[in-house]
């Protein structure tokens, strides 16, 4: 049986609970050890969640005072909409809390927040090999058929 | 033999030359006739190019006073970077000017603008069936392996 | 005896009640008749209240389903703070609702919203001849001693 | 006779020349010793000058490779304009370079940049007791008659 949990916006006092989730998420994407995300970025991103000028937001799943998962989303302009697009950049559930519906609840809370903010769409990216995640994503969204190209610029 | 062309930032006086390119681009993506982009969006996007507060920019390729192509890019926050990401949202070359290197020059000018603006990366999306475009993209960037999910929210 | 009223964020359905207040406010500042604010600006500002990407916000005072006053505030960068500054740009109470504390309540709700948003300060401007307004302002804030210079640029 | 100088946008390599000017400016406003601006703010503001997402900009006056003055301006929304307002937040000339027209040239370069960016107005604040500065300001702009109120919020 699953423990009940609640989704809510992040708070300044969540740092200690949020950091291990953020680290776990970054580790999953290979940002660990020598390629770890610099502490300055973690600090800046954290500050942006609480900066009224920055359209960067975070939700957390909480149960019994413990954080089980995170979702970070941000708004940005689009040339084909009056309203901003909502990009769900990060989604992570603690290993011990998998299978309880935490990820799905975080996605749906992001939908709700984006709709409240007047957005018409939420999008995210996942790696084409991430079959586990896609099992969930195929239930709550559409695979767009679009793939991402990127270019790293010389410093 | 190819005509020479130049890439430069868009100007207020380019509207009449830009609009057919923008319409051609939207038509390519099926936004035509009953599903055409509302004029209000075109007007708003155009204004945003010249709004110092909006991180939305446009480049055009010009030859003999005629516009041959467009690139629209915008900056947005990222949770894993101090610097903004640069999203190349729209790229289009007039049918009559294909094969001259206009698309490639627009992409490279976007790289240059993004680097000048302190960005570490430029990214864009293309449909997985767009083999023609990918011939070029594979030469100037990396296919990231990421695919895009999206959810349209109820109005 | 004063009617009770409540302060709350503006909603999409408030347009008809907000517009006369906005018009009254603009008239007070001489933006009426030939110098009236263009309708396009009113429309754009209204839309910005509900655009998650724009740091422009509105509060209204409501009593018995009728809007009595408005406050518009926005966040912007400052070179001497990590956090954004909060600029209370517009404040207006309907003539018929003066003396009930509506203006003061709107200012205090702006303080609350700014503090929630992590701001350290709220500021606004008033004309040096507006003695009536300053009676209130001197109670709820400090006259900074700073005066405003401006330059209108040639179109 | 005055040395010639040039006004130009700030560059990453200007830090060592800009910092003493910034310190001099802050000292003038009493931000020194125990009330000095935290180094983190200086660092963040410096980074914002080069962040394409932040509408915060800097100009410097240079002569013989030495920086003589600075102007920091930023764009922010306004409820009564489609275009952003341009706020000239900081202006400073090195003591040794006073009387050469550096301040005036920095203001005029800000006008030019704001006009290029589509703005209709530039504004700034000065203390009502700063008679020296106002001698210049009265020549290049209009005293608006508006005074600034502010409220410091409890941390």
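When the chains are written out, they are named A, B, C and D in that same order, and each has its own residue count from 1.
The working rule: contacts are C-beta pairs under 8 Å (C-beta built on N, C-alpha and C of every residue); 3 or more make two chains touch, one makes a residue touch a chain.
These are the chains along with the protein names UniProt gives them: A, B, C, D = GNAT family N-acetyltransferase.
As the structure is a computational prediction, the values presented were derived from the model and not from experiment.
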| item | value |
| --- | --- |
| Interchain contact steps from chain B to chain C (minimum; 1 if touching) | 2 |
| Interface copy of C-D among A-B, B-D or A-C, judged by whether over half of the contact pairs recur | A-B |
| Pair joined by the larger number of C-beta contacts - A-B, B-D | A-B |
| Interchain centroid distance [CA atoms averaged], chain A/chain B, Å | 26 |
| Rounded Å distance between chain B and chain D, as computed from the means of their C-alpha atoms | 34 |
| Residues of chain A touching at least two other chains | 55, 76-77, 82, 114, 119 |
| Chain contact graph, described as a line, ring, star, complete graph or other shape | ring |
| Pairwise chain contacts, counting only pairs that touch as defined | A-B, A-C, B-D, C-D |
| Touching residues on chain C, where the partner in the complex is chain D | 26, 31, 37, 40-41, 44-45, 48, 54-56, 72, 74, 76-82, 87, 89-90, 111, 114-115, 119-129, 137, 140-155 |
| Residue ranges of chain D touching chain B (in the complex, touch as defined) | 47, 50-53, 55, 75-77, 82-84, 86, 114, 117-119 |
